Each structure stands twice: as C-alpha cells, then as structure tokens.
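Two complexes come next, and they have one chain in common, subunit A, joined by subunit B in the first and subunit C in the second.
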Partner chain A sequence: MDAALSKKELAGPYKRPSRQFWERTAIAVSCLVCIGGLFFALEVNPFVFITEFDHVSNLVKDMVPPKLGLLFQSKGLYDSIGETISAAFLGTLFGGTLATGLSFFAAQNTAPSRKIRSLMRTLFSVERAIPEFATLLILIAIVGVGPFTSTLALTVASIGFCGRLCADAIENVDTKPVEGLEVLGSSRWQTIRYAILPQVAPSFVSTLFYIFDVNLRRAIVLGYFGGGGLGFELERSKGMLQYKDMLAYTICIIALVLLMERVSDFVRKRILNVDTHLR
Partner chain B sequence: MSPRNEYDFRRYRRPASFLFFLALVVWLAAWQADVDLALLFANVDKGISQFGKHLPPDLSVLGVMARESLITVAMALLATPLGGLASLVFGLAAAKNISPGPLRSTARGLISVERALPEIVTLLFLIVVFGIGYFAGIVALAIGCIGMLGRLLGDAIEEVDSKVLESVEIVGATRSQIIRYAILPEVLPVFISNLIFRFEINIRASVVLGAVGAGGIGYELGKAMDLSDYNQATTAILMIVVLVLVSERISDVLRKKVTARGSALV
Partner chain C sequence: MIHVKGLCKKLPNGRSLLSDISFKVEPGEFVGILGASGAGKSLTLRCMLGLVQPSEGEIRFSFRSSSGEGHELDIARLKDRQLREMRKEMGVIFQGGNLVKRLTALENVMMGRLGTISPLRSWLYGFTDTEAKEAYEVMKSLRMEDYASRRVGNLSGGEQQRVAIARAIYQKPSVYLADEPVSSLDPKNARKVMELLKPLSKDKPVVGVFHQPHLTAEFCSRVIAIKDGCIVYDGDPKLSAATLASIYEGEEIEGVAQDRPAARTVAAPTTYETKLRPNVATS
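And now, the complex of A and B:
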C-alpha cells in the first residue's frame, strides 16, 4: 500500500451535494436576484459608490480640518447644545409623567375595564407609529419653530413608547402582594399605592432614563426640521455649504450623545440606589 | 424636639432635596428651551382649527402614497442585508476571542461612534456626495445598522463558550474555519432575529430620511406639509401608521419563527 495518499483519496469518495446545499444555493441566488431587482426597480445604480468615489475624497478635502474653533468663539454652539438637551429632558419629563399615569389604564391588572385597556394600548401603538417629525411639523404650524416646539413634539412622542413599557412592567408584577392586600379589603387605589407602585418604581425610573437617551437623538433629528438646537445648526451649515462647520457640529453631536449616555447611566444608578435605601 | 419629629424630618429630607434639585433643573431647561406655556394656551383655538384643516384625509392621492410607501419599504429591504453584511464584518472584528487587541478596540470605537451618530447626519453627508435620492438613503440606513447590529453581534460572539472554540482550534482549524464551524452556528440565529428587528427600525428611519430628501413616503409627507396640503399630509400619516404597524407585526411573527427553528438554520 502506498504510504502517501493522494489528495483525491484524502477527500474521500465523491458525494453528491446534499439537498441542504441546493436549498442554500437557491436561497442565496434568489436573495441576490431580489436585491438586484430592487435596485433596478428604484433605478439606482449601486456602483455609483465606486465610480463616484472622487466626490467622497473631495468632500473629505472640503471638510477637514473641522472648524473646532466654533467651540471657543461662539456662544451660539453652547446655546444650541443646551436647547437640544433641554428639549430632550423636558420632553421626557412631561411625556414620561403623562405616560406613567396613563399606563395604569393600559395594564390588565389595574385598568378599570377591558375596553379601556385595549383602547389605551391601541392609542399607544398608533402614537408610536406616527413619526416624531410629523408631530413636529403639525405643531410648527401652530406655535412656530424653535426648541419649544421640539419639546412639545417629544412630549407627545414619549407617550406611546414609555406608556407601553410601563404598562408591560405593571402587568409583570408579582401578584402575591396584590392578593394579600385585596384579601384584607384594600381599595383599588390602596392596592396600586402599596402593592404595585413599590414593585414597578425602579423599572419606571429605568424606562424614563432609556426614553431620555432616545429623546436626545430624536431632538437632534427634530432640530433639522425646525426644532432648534444642534440639528438646526447642522442644517444651516449644510445649506450654506460650510462643510468644516458641519463636521464640527457632527463631532459635537457624537460627543454629546456619548457623554449624556454616561451621565444618564450614572444618575440612574444613583437614583435607584437611593430608592432601595429608602425602602 | 421629640425624637419622633426628628425621624420624620430626616425621612423627608432626601426626597425634598431631590425635588428641589429637579425643580431647579426643570426651570433651567425651560428657560433654555424657550418654554412658553402662555404661547401654547393662546394658540389653543388655532391648534383646533389646524387639526380641522387636516380632516378629512385626501383619498384621491392614496395610489401615489401607496406607491411611495413601497419605495420606502424597498429602501429598508435593500439597506438591511447590506448593513447586516457590514455589521458581520464589524461584529467579528469587535469580538475579543477571535480578533487581535488593536483591531478589536478600533472596531469597538467605530461601532460606538456610529451608534451615537443619528442616521440623518450620515444622510446629510451622503447627500453632499451623491446628491438627493434613494441611493444616499439606502447607504445611510445601511451604515446606521452597524452601530446596533455590530455591537450585538460582537457581544454574542464573545459569549460563545470557549470550549467550543478550543475544541475546533485543537484539531488545527484555521481562523476562517473557526468562524465558519464554531462561531457562526452559535450566533447566526440571534443575528438573524436582530436583523429582522433592525428591518422594522429601518422602516421607521427610512420614513424620516425620506423627509430629508431620500424620497419615499416621508418625502411626500414633508412636501405636503410644506405646500400646506394638510389633507394630503393626513393621508401620508395614515399610510405611515399602517406601514409601521404592519412591519411590526411581520417582524414579530418572523422573529418568533427564527427563534423556534434556532440552530437548524445553520
């Protein structure tokens, strides 16, 4: 017997490709066809990315170095950062407070009736499906442009999301304390106050901080549509073709979002700690 | 002072100082954001008449709106797999058990920067480069996937049992073989489920990007509001609500299926 096996022998006898192999090939090919078809239907040529790559390098030349001097020379930048944070904070506070209140009507175990519960749930999910900028554009027609309009739009936008998360938290409470109080003849309000609220308070707090993170990003987007703050500055600098300013604002946005994530994480942990101390 | 009173005082000191601090911050923020409740209440009747102008929805443009919604869906459909592919690369580079230190920290840094960057900002830069149109929107959405999916995938890969990796490594598997036979089978079901969830997010994002200039139903809504065609705007909003709710439902069903089939996919 030969000591060295040939490559063919090592690979073993020829096997027909399995059914799984053909299945996968079919899936891959149909995916590619779908993607190509969609590009064709949209009349988009994806290779523009390669053929027009010199535009990218031109833009990079135009916007580097970013005009970070804005940080030192203009008070306007700090004003717009403040506007963005304030709109997000107030929107979260107002909308979140409203939503936590409403969520008791949307949770099965606290809602006055089944009809009210499904009505609230529907309202929440429809509200969540309406994009924030649509709310903002409607409000702009009423109270004009500026960070106040952004605050109002974020207040509305927080309700659906926050309400749903809070209602879910209420539905997931441990039922034993609730039953314990009910057996003693507590009213609905007493049950909520002494059996449900202590259980859901920490998750309400966490939800509010999560909504704040979301709202900060939304506030930047709303700024673009006329809500003031950093988004508005970005839109203006793009309109004036000031690409160095644009990059500087973009860096500010990234830094702001990353920083506020840290800050809200820190504050949330503090609050939740204090909360457990009190109980 | 009796001990009882002292206890009561201490008990309320913390919540009281917290509320005082909160009130201060709210006042500061309200001043900064030009909050003007008087303006709001003065405009209540204007608001009511404004809502009146939005009704009834203009159903004659329903066909156009439906077509534009399909474009929005198509943009999300194209962006999600492209973004998924990009985040596969970033996710692999961001996992410490298969990628070398410097590469990992670079990938992690890029991922967190991307996560902090709203899609709309990416789109503005892309519009400068490629002009207004679907293509800029698709690329912006695809880039937007990297922050979320790349991070989730990187974390999932880092959680793969080291025994699985070692057992493949010990029989002499190359890095690509490790990825193919040890890592992908473990993380792919979760990744696909995340990808479907991202599709749902991309539909929403695609509407917003549309209003900035990427086209689709969002663009129609922005245009209708600009032209004060409030009845048309209502049609667009209703269309968006239906679109988002349907995509939510579909993504829920699909994700349940993927989770149920689990590793049978690989």
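And now, the complex of A and C:
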C-alpha cells in the first residue's frame, strides 16, 4: 500500500484511470447475471410466499399459540435441555483439552519437528472437513442413539477447529520472553510452560468458550439426527405433526442459546478480567 | 572471565559485520561497549550469548560452577545441551527486559534458575517456597519488594528493567551481560539501573552495550568502542570528545545534546561538559 502510494507521489498529481469506470460496470453486470442465473438454476421463486399464502397461514394457525404449557407440565423438557447442555459442555471439555494439547505439536515454534507439525495441521483440516452429523451417524451405528453419542461426535468435531485456533495463537506469541528464558538455560518444555503458556492462556480460554457456544448449537442439530436432547424433541413433535409443541421447543432453543451465550460471556470475562485494569 | 579472540561475522553475501573483535574481561570489570547504531555492538553480545554463531574466532568463557570445579568453554562451538549448561552461568539483561508480562515480578525473578530445575517439576509443581523466599530476598535487596506480587505488564519500563536485573542476580551467574539495559528508560531510571549494575562487577565481570557515553563514563571501569565491526577504542571510560565524535560520526549522542535540534553533529567539548554536569547534580 505504502509503496503504491509513494509511486503515485513520484509520478506526480493523481490522475483518475479512465479504465476504472468500465471495469466496475462490467463487474457489476456480471455479478447480476450470475445471481439471476443461480435463481433460475435453483428454481428460486420469491413469489411462492404470495401464491401459496394459504399454506403459510395454515401453518401459522397450527403453530400459534405455542404450547408453552410444556414448560410447566413435562419433566422431559428439562431433561432434554440438560442433555443438550451437558453434551455441548462435555464435548467441549474433552475435545478442547485434547485440542489444546495437540495444538503445541501443530504450532511452528513449539512442534518437535516440521514433519509432526504438518501432520498435525493436516489432521486438523481433515477433521474440520468432516461434518459433525456424519460423525454422529457413524457413531450411532456403533454406540446407538442418545446424548452420549452426540457428546462423542462433538468431541471429535471440536478438535480440528479448536486445535487450529490454538495453534495459531501459539504461533503469534511474542518471542522476546521466549528468547529471554532460552538465554538463561531453560529447556524447551520449560520455555513453553513459562513463556508461551501464560501468553496464550487468555486466547485458549476465549477459544474454548467460543467452541462451547458453537457446540451448543451443534448439539441441537445433532439431537435432530438422533443425538438426544432438544433437537430430538423437535424432531419427534415434527414427526407427530404437533406444531404447537414444535414452536414451544423452538422458543426454548432460542432462549437457551441466548442465555448460554450470556452466561459463557460472563464466565469468560470473569476468568480473563482478573487483570483488566492492566489494559 | 571472558576472552573474545578474533571474532568475525560475515553475511552469506560476503558483507562483513564484525571483523577481528578481540578483548578480555576479568572479574571486577564493568565494561561498556559503545558504538553507533549498526556498528555491531549488540551482535558481539549476541555472539557471546551463543544466540548467533560467529563465522570465525572463539569466545573463551571460564567460570567456576556451583560445585566449585573450574570450566573453560568456547561459546562459539557449543551445541544444544552444552549451550544450555553454559547459559545457566550467564546472567542476561535485555533491552526491555524480555520478561513474561502476564506473570508477577516475583515469578519472573524465580525463572532465573529454570536451568537448574527439571522440566517435569516446573510443569507439575512449580517453584518451591524456599525459591520464592530467596527470590523475594533478592528483590528486597534491590528495594523492589513492593511490587513483587504485581504483574510485570503493570510495571513501568524502569521497574521492569530492575526486575530483569533481579532475575539475573537471583540466577547467580558467573558473568553478567546486558544488551542496552537503559536505552528505553528516562535519564533518572537509567541512572538507577546503572547504580544497580555497578556493584555486580565487584566479583563478576559485567559487560554491557550502551548508547549513553555520559553514563559509561561515570559508571563503567572500561569502555570498548566498536565502529563498522572493528574495535576502535579500548580503555579508559572517560573518552575525549574528539574520540566520541569519531565513533559516532555525525550521529546524535544520547545524553550529550539530546534536546537541542541544532546539535545534530557532535557537540564541542565544552557543551559536553556543561550538559553532563546538571545530570550529575540532580541525582
């Protein structure tokens, strides 16, 4: 950027390149053509909401009012909320612990060798590429349906993502303290313990809380595919055409996600802000 | 004792950064290395730390380890494990401290002896109470006990630099090496740091890279000046203004005519003297 600027300055007063206008027009037109083509190819028809309005209104009639009575009468609802939260929490705990440990082998400055580093990085990206419900469906074949399966699937799903973020955090560490410890004769593991770990700990904590937020949403989706919890209830009520129950569950899900986001944010700040007055 | 013999460092493209640097530092000496920026003074020190491998020459480092036996090593030829063993005997004070900002000052001081602690213990247990006590004593002796439990990131630059010195002292090394320990500090803190460094040279050699001729003149017992990778002066710390001028060649000299825009070139001897005196008087 700077180099370009200084070149321009050297060239003299700024002249608007005449080509720019046509270039921009061409880009805009081709974007519009692409979007239109996609609409056509996917048979997207925005008018369906108007032509099929009675469908929509019937569905709304079936759904409203949501059967919020479920909150007071069924113990099952709270069980399934508990299942969802604990699947997300345990999945994050197991997967996150594994990932933070493995991330030290995937970061350039801490990996024992270049080969191990690229091996770990590849493992993480392959891992990230597997959709979590695919893992779940395989696991269901092995351990059966239930929240335990979704815990396992979330553990597997967390490793790639969390490991990648943590490894990046380790690579971005300030090297001065590392050098400072090396010159007083500390071994590599000691350098990691005292110079790198204190620096990356806050970003590890943030990453874990972020993964928990993601996992909570994933746990609901996995429930739908047979992982138990709120998603499973949703699937069941949909199957029995109980749309009023379905809307109640959906409201529960939204409330739960928002609430847990607040809670995890609060806890995260509590952990990290031991030293906010520094910043 | 450190004996640097014929130290050379060349870049792969053949440019020479250091050529034939030789000097000897005995216990009781406080050697200040001066030179314009890019002259090679920090590089010399980094070679002595084993952070940079010199192209030629040797650095003989002889010391008595804690068990009492004498050692003599060539730093330029050491490999991993030996290098680590040797570094336990070197107290290093960097510009800006190189401390771990998120840990407390006391923890940073305790890290001085990491080389003698097994990695397993540092992961599973940490430091012992006796270590903490000893480190605290060191901090107390430097009158820093007030901020022992504060995070280093919270401390000012001068305080951080003193924590770094406390760490080096706690390490109980055979030699102290300081890379621009006062460069980032204001004059008052710079003096404080120099006052801490000077007594260290009573029984151990101290080598420091400095940018402030007025401070080396006052505190050091000997000055080595490097220019374009060669030693151009070695001897009495009170350099004449003419020598200083030739060392710095047009560069601004810190502490001499800092706040005078007109004094771009090296000031005349009288200016040097008058500028120096108020500094001494205020301390």
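Worth a mention:
Keep this in mind: the second predicted complex is superposed on the first by the 225 of 279 C-alpha atoms of A that agree within 3 Å, B and C clash if a C-alpha of one lies under 4 Å from a C-alpha of the other, contacts with A are read in each partner's own complex, and residues count from 1 in each chain.
One rule holds in what follows: contacts are C-beta pairs under 8 Å (C-beta built on N, C-alpha and C of every residue); 3 or more make two chains touch, one makes a residue touch a chain.
Treat the numbers as computed from the prediction; the structure is a model and nothing was measured.
With both structures placed on the common chain, the touch criterion links A:138 to subunit B but leaves subunit C unconnected.
In the superposition on chain A, A:183 makes contact with subunit C only, not with subunit B.
Contacts of A:129 after superposition on the shared chain: subunit B is touched, whereas subunit C is not.
In the superposition on chain A, A:201 contacts subunit C only, with no contact to subunit B.
Once the two complexes are laid over each other on the shared chain, residue contacts for A:224 go to subunit B alone; subunit C is not touched. Looking at the shared chain after the overlay, A:193 reaches subunit C, while subunit B stays out of its contact range. In the superposed pair of complexes, A:39 makes contact with subunit B only, with no contact to subunit C.
Of the two partner chains placed by the overlay, neither subunit B nor subunit C lies in contact with A:71.
If you count the residues of subunit A touched by subunit B and by subunit C, you find the higher number for B.
According to the touch criterion, the shared surface of subunit A, contacted by subunit B in one complex and subunit C in the other, consists of residues 278. Interface of subunit A with subunit B (complex): residues 31, 34-35, 38-39, 41-46, 48-49, 52, 55-56, 59, 79, 82-83, 85-87, 89-90, 93, 125-126, 128-134, 137-138, 141-143, 146-148, 150-152, 217, 220-221, 224-225, 228, 231, 234-235, 238, 243, 246, 250, 253-254, 257-258, 261, 274, 278. Every residue of subunit B that touches subunit A in the complex is listed here, in rising order: 14-15, 18, 25-26, 28-30, 32-36, 39-40, 43, 46-47, 50-51, 54, 71, 74-75, 77-78, 81, 112-113, 116-118, 120-121, 124-125, 128-130, 133-135, 138-139, 204, 207-208, 211-212, 218, 221-222, 225, 233, 237, 240-241, 244-245, 248.
Subunit A meets subunit C in the complex at residues 174, 176-177, 179-187, 189-190, 193-195, 198-199, 201-202, 275, 278. By the touch criterion given at the top, residues 49-51, 84-88, 90-92, 94, 96-103, 107, 111-112, 114-115, 117, 119, 122-123, 151, 153-154, 167, 171 of subunit C touch subunit A in their complex.
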